[in-house]
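For reference, chains read A, B and C in written order, and residue numbers begin at 1 within each chain.
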Amino acid sequence: MDIVEIKNLTFKYPQQEVQNFNNFNLKIKKGEWLAIIGHNGSGKSTLVRLIDGLLAPESGEITVSGIKLTPESVWDVRSKIGMVFQNPDNQFVGANVEDDVAFGLENAAIPRKEMLIRVRQALERVKMWEFADHEPVRLSGGQKQRVALAGIIALKPEIIILDEATSMLDPEGRQAVLEIIRELNQVEHLTVISITHDIDEASNAQRVVVLDDGKIVQDDIPAKIFSHGASLVKIGLEPPFSEKLKEELVKQGIEVPDEYLTKEGMVDWLWQLFSKQ
Amino acid sequence: MGKVLLGRYVPGDSIVHRMDPRAKLILSFFFIVIIFLANNWQSYALLFALTIGSILAAKVNFAFFIKGVRPLIWLILFTVLLQIFFSSGGTVFWRWGPFNLSYYGLINGAYVFCRFVLIIFMSTLLTLTTAPLEIADALEKLMMPLKKIKVPVYEISLMLSIALRFVPTLMDETAKIMNAQRSRGVNFGEGSIMQQIKAVVPLLVPLFVSSFNRAEDLATAMEARGYRGGEGRTKYRVHYWQTGDTVGCAVFVAVLIILLFLRHW
Amino acid sequence: MAMAIIFKAVNYMYQPNTPFEQQALENISVEIPTGSYTALIGHTGSGKSTFLQHLNGLLRPTSGVIQVGKQAITPETKNKQLGELRKHVGIVFQFPEAQLFEETVIKDIAFAPKNFGKSEEEAETIARRMAQQVGLDDELLSKSPFELSGGQMRRVAIAGILAMEPEILVLDEPTAGLDPQGRLEMMEMFKRLKEEQNLTVVLVTHQMDDVAKYADNVIVLEKGKLIASGTPSEIFAQPNWLVEHHLALPKAGEFALEFEKKTGYKFSTLPLTEVSLAQQIASLLHGGGVHHG
């Protein structure tokens, strides 16, 4: 079943002349983890903002979880989607951690008794309950993004959109956020749409869509996309380590397989190579 | 960071910390009003006793209060000196042109000094024991009747709480931009007035730009999280009026009655 | 001009003698040699940014001395004495595009040299040269910096620091928030600038691959203390020590360890970059290694 369906989408920003999207089509399956990659300015953020109704298309049709996106249905659509943005500071609305998690629940008019339970559960889920009364200045970027995730978990959406949500975090913060997303995707089967330049994040996906100038230039499983090696940089993705190593091995006169190998796969392949000697 | 003490909340777990912010806000205003009823040393002694009692109950280090007075010391001294030299009556000790040092002048000066100190102590106590957000909550609750005349109370209160939340963020941002510009050869707080005004531009422009960007991001994030105006929202943070609050009010009213009695003694 | 940076028993305390007192640097003694490419690593809260602010006297130590070239920064150093120093130490802060404010790109780049006493014309000449150095097209120079893309703004800000013609260039996570293409271009640009202009570079980063690829000297801070300093191969030589301090190996090093574990082969030295890893694999494969399997 498709949870998001975009048909013949056309969009341009009012102050710009060029079309950002022209007759754009995309279907996203329920429970799927889709990574959207592309260099800065390729239209990734615009696309997810259109899906969430934060921008209005000129023409075309967007359906989210069976609801056709219209000015009337936009709040219903948004209730199905949780979004985490790039800058951890600029999406923290509450004065402290628990208030921020409650913000979305207050908007949805959830009764206070229920809120208390959901806020606590969501914060425990992202391991931030002990920080419930902390103000945002006392938190690291990674902790703020976990709070943002708790705010989403508390609202029980069907889709999570990450708009470069880990790009401003240090490696530990990034790992902690991805860990939570993996769990939500695998255990609760939430659909994940993640915009990213990070290979580790993209390798979690079941499907990768490459955008360039508002067009899908590639749409495939990660292994196929990753096998492009060094040229991945041009489409906005850090090449995986194994691909970089393959290139260097070729320079050393060693023949390497064409298909993408994970790190483990690469070690195995090298082992076989050594055993043959 | 954080050199400004007024408005600095120190978390704690005292009777005063636990009081309903509405009660604390009302009592602070009430206190400022009744100070002006005091007109003799007995009544000032009473007010000091009340203030010091409240501070003791809050279990906050007294050093905070002395620090609260320090930035205002010149204003206080100036006002006190005006009182001393320009009020007349009683024995005159010294006279020079329009200035005169009289018995009443000295007494008035002392009273004005006491009033300043009392007001500063009590408002410092309020801000030390009440998180800014709680004050915003209390204001929202106290402004509720204004909804009848179409004042957007919810929006004002949300604005206030977001503004409070971003104060530390903006302070960080200011420090960062100042560092960057100082590294590019700007000297803040040095040189002629013209130079100093010029030095502010490289600070203010980036600060405005980043604030606008932040505001835009924040608006998008709020919309994505389902915010569509203050109506119909439920509230996560609530405050309960407890026995302690009623007792606190009773104490202050008792002080008022004694003050009135002392005034006409 | 030789401009080594030497920290001698440096302590720094935020808000001393208040309830909010906090020691940010504790007894730091370390040298950043002239002409080195020094990486400064450590977690959030390790004192990196406090350390950086001592390099050009934005902060003065609570005790101890920082020697930058001939100038010493002590707790008693006056602000007026620091102007000269700031000219020699250019700091590119995190997200430096936040410092842009002038009406045009060229004016913004020329801002620092003007402050440091260059005439309008001189400053503009330098600014044009630096714009070229960082790869900004001429047509952008008369535009407002706020009309540019994020990557371009970053370049303008960096050009604005290079325009001071510093001997020491300090970079605080200069590639944060850029896409991989921008990141690669920028890191290569710093490498080129360092070589062409004979700079001393101090790089703050979380990317261990960059440390291995570009740096020749590493300083590791943890909770305000210096816990290690040395060449990348010295720092990355003890995997257990790294784990203990929550620091990662460069990807090539990680891969090499896994390879050793699986195959029983041993590298003579732990490779830290793809290039040296590939070379060592090749030489092992052609019979140069020791097999312990």
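Simple rule for what comes next: contacts are C-beta pairs under 8 Å (C-beta built on N, C-alpha and C of every residue); 3 or more make two chains touch, one makes a residue touch a chain.
In this text, all values refer to a predicted model and were calculated from it rather than measured experimentally.
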Contacts common to chain A and chain C (chain labels): B
Of A-B and B-C, whichever chain pair has more C-beta contact pairs: A-B
Reference chain A; chain at largest CA-centroid distance: B
Where chain A and chain C are represented by their mean Cα positions, the distance between them in whole Å: 30
Gap in Å, rounded to a whole number, between the CA centres of chain C and chain B: 43
Interfacial residue positions of chain B with respect to chain A in the complex: 131-133, 161-162, 164-165, 168-169, 172, 213-214, 217-218, 220-228, 232-238
Complex contact set, residues of chain C against chain B: 14-15, 19-20, 53, 56, 58, 79, 83, 86-87, 89-91, 93, 96, 98-101, 111-112, 114-116, 146, 160-161, 164
In the complex with chain C, residue positions of chain A that touch it: 39-41, 86, 140-141, 167-168, 170-172, 197, 232-234, 236-239, 241, 244-245, 247-249, 251-254, 263-264, 266-268, 270-271, 273-274, 277
Of chain B, residues touching chain C in the complex: 1-2, 10, 61, 173, 176-177, 179-187, 190, 201-202, 205-206, 209-210
Contact set on chain C toward chain A in their complex: 43-45, 149-151, 176-184, 206, 246, 248, 251-252, 255, 258-259, 262-263, 265, 274-275, 277-279, 281-282, 284-285
